[in-house]
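As written, the chains take the letters A, B, C, D, E and F, and residue 1 is the first residue of each chain.
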Amino acid sequence: MPIVTIQVTREGSRPGNHSVTADEKAQLIKGVSQLLLDVLNKPLEATFVVIEEVDTENWGWGGLPVELYRKQLARKPA
Amino acid sequence: MPIVTIQVTREGSRPGNHSVTADEKAQLIKGVSQLLLDVLNKPLEATFVVIEEVDTENWGWGGLPVELYRKQLARKPA
Amino acid sequence: MPIVTIQVTREGSRPGNHSVTADEKAQLIKGVSQLLLDVLNKPLEATFVVIEEVDTENWGWGGLPVELYRKQLARKPA
Amino acid sequence: MPIVTIQVTREGSRPGNHSVTADEKAQLIKGVSQLLLDVLNKPLEATFVVIEEVDTENWGWGGLPVELYRKQLARKPA
Amino acid sequence: MPIVTIQVTREGSRPGNHSVTADEKAQLIKGVSQLLLDVLNKPLEATFVVIEEVDTENWGWGGLPVELYRKQLARKPA
Amino acid sequence: MPIVTIQVTREGSRPGNHSVTADEKAQLIKGVSQLLLDVLNKPLEATFVVIEEVDTENWGWGGLPVELYRKQLARKPA
């Protein structure tokens, strides 16, 4: 009976997308349920998956809202 | 000081409803707070309840988004 | 497919108990699963319950570890 | 690699505001990331912060939806 | 910056094991981080994974502690 | 009524410590409760804080258990 919670920012994974698509969500659900079957022998029907999309202004990294932090990283010399 | 988190899909419990109603939420809050008083002797004012509604495409079961999984179950012979 | 998470401090509910007993846990599981059946029509077998016991030094209230806060409350005149 | 989750009701902190503002969110992210650096020596870039805003009808306290509970408290003599 | 939380019962996946092994945990971490790279293009170093092991008496299913529920399922004719 | 959850690895912040100390936990509780008072005007007594310590083998980063990942980072030229 595993429960898997996946938290991601609410944004597209590729140019033109503005959020995680239904198809991407289905791939995440399928992949992680299969992983629990492969590794821990948990039957697919015993696994719950919950995807939580979080607005970027609600996600912090490096002491900053994540979009600001990414800009700061991008400005840094490698 | 218990914290109870209730995660449910965002959908109606009965035909005609499209989400959990405010009255149903109040019943959940009342019922679970009372349960913690009855079983663990926790005063009502010490219990927090958070209800999280999750879009059905964000909820996985059986390796599939839950609405697909339910359709699959419904097609199966008992 | 509700998921209910119940977080409580790891301590006994009555003198002589030092933690939540197995019987109390079973009552919490039964009660909250029944509540979701009664209020939202969720079948018992679709509800997962997870009980998390938290050491009192890991639980904060009133800006203090909870045991200190309770002592402070107890000293206050009503 | 700390993860800090801050759950608050979706409402303004001051008259005229109807939700937590982007600036308040940035202050929460900055403050809590700094706290983990000061107390546990965790570098800022190792801390993730997630702010979850919860509708008031989804938040229970005292066995009631929180707005009802606050009204009840306000009516009580001190 | 995804965060993945995997909650499982604290028990072995195979006879002779009494808990999830360090190697199984490493496989879960690797698999789910790779999945987020494949599906959402999230770099490995941006994903945090937290595995929570829950004692079986703290996990409820079917209105019962999970070990009791499994015994009940096993007794049922197919 | 904010709820703040702080998840950290179970390890000492300084040489000689093997876990987060009670004093460090008290500082985290005090600091984050004060932050919610300062930023969102939440009274101290309305904030709950839960600190979750996670074994390092249960924490993943960079597709690896965190201690392996740190070793890998340490070997990399800057």
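Criterion: a contact is a pair of C-beta atoms (placed from the backbone, for glycine too) under 8 Å apart; a residue touches a chain by one contact, two chains touch by 3 or more.
Keep in mind it's a predicted model, so treat the numbers as computed, not measured.
Any chain that touches chain A and also touches chain F is listed here: B, C, D, E.
Chain centres were defined as the mean of their Cα atoms; on that basis the chain farthest from chain F turns out to be B. Among the remaining chains, C is positioned farthest from chain A, on the basis of C-alpha centroids. With angles rounded to a multiple of 5, the C-alpha fit of chain E against chain F returns 120 degrees of rotation. The pair from E-F, D-F or A-C that reproduces the interface of C-E, where over half of the contact pairs by residue number are the same, turns out to be E-F. Separation between the centroids of chain B and chain E, computed from CA atoms only, is 21 Å. The distance from the centre of chain A to the centre of chain D, with each centre set as the mean of the Cα atoms, comes to 22 Å. Averaging Cα coordinates per chain places chain B and chain C 17 Å apart.
Separating the CA-averaged centres of chain B and chain F is a span of 29 Å. Looking at chain F, residues 1, 3-4, 7, 28, 32, 48, 50, 59, 61 sit in touch with two or more other chains. Pairwise chain contacts in this structure: A-B, A-C, A-D, A-E, B-C, B-D, B-F, C-E, C-F, D-E, D-F, E-F. Of all the residues in chain E, the ones that touch chain C in their complex are 7, 54, 57-65, 68.
For chain E in complex with chain A, the touching residues are 1-9, 13-14, 20, 24, 27-28, 31-32, 35-36, 38-42, 59, 61, 66.
Residue ranges of chain D in contact with chain A, taken from their complex: 4, 22, 25-26, 28-30, 32-34, 44-45, 47-53.
By the touch criterion stated above, chain F contacts chain B in their complex at residues 1, 3, 48, 50.
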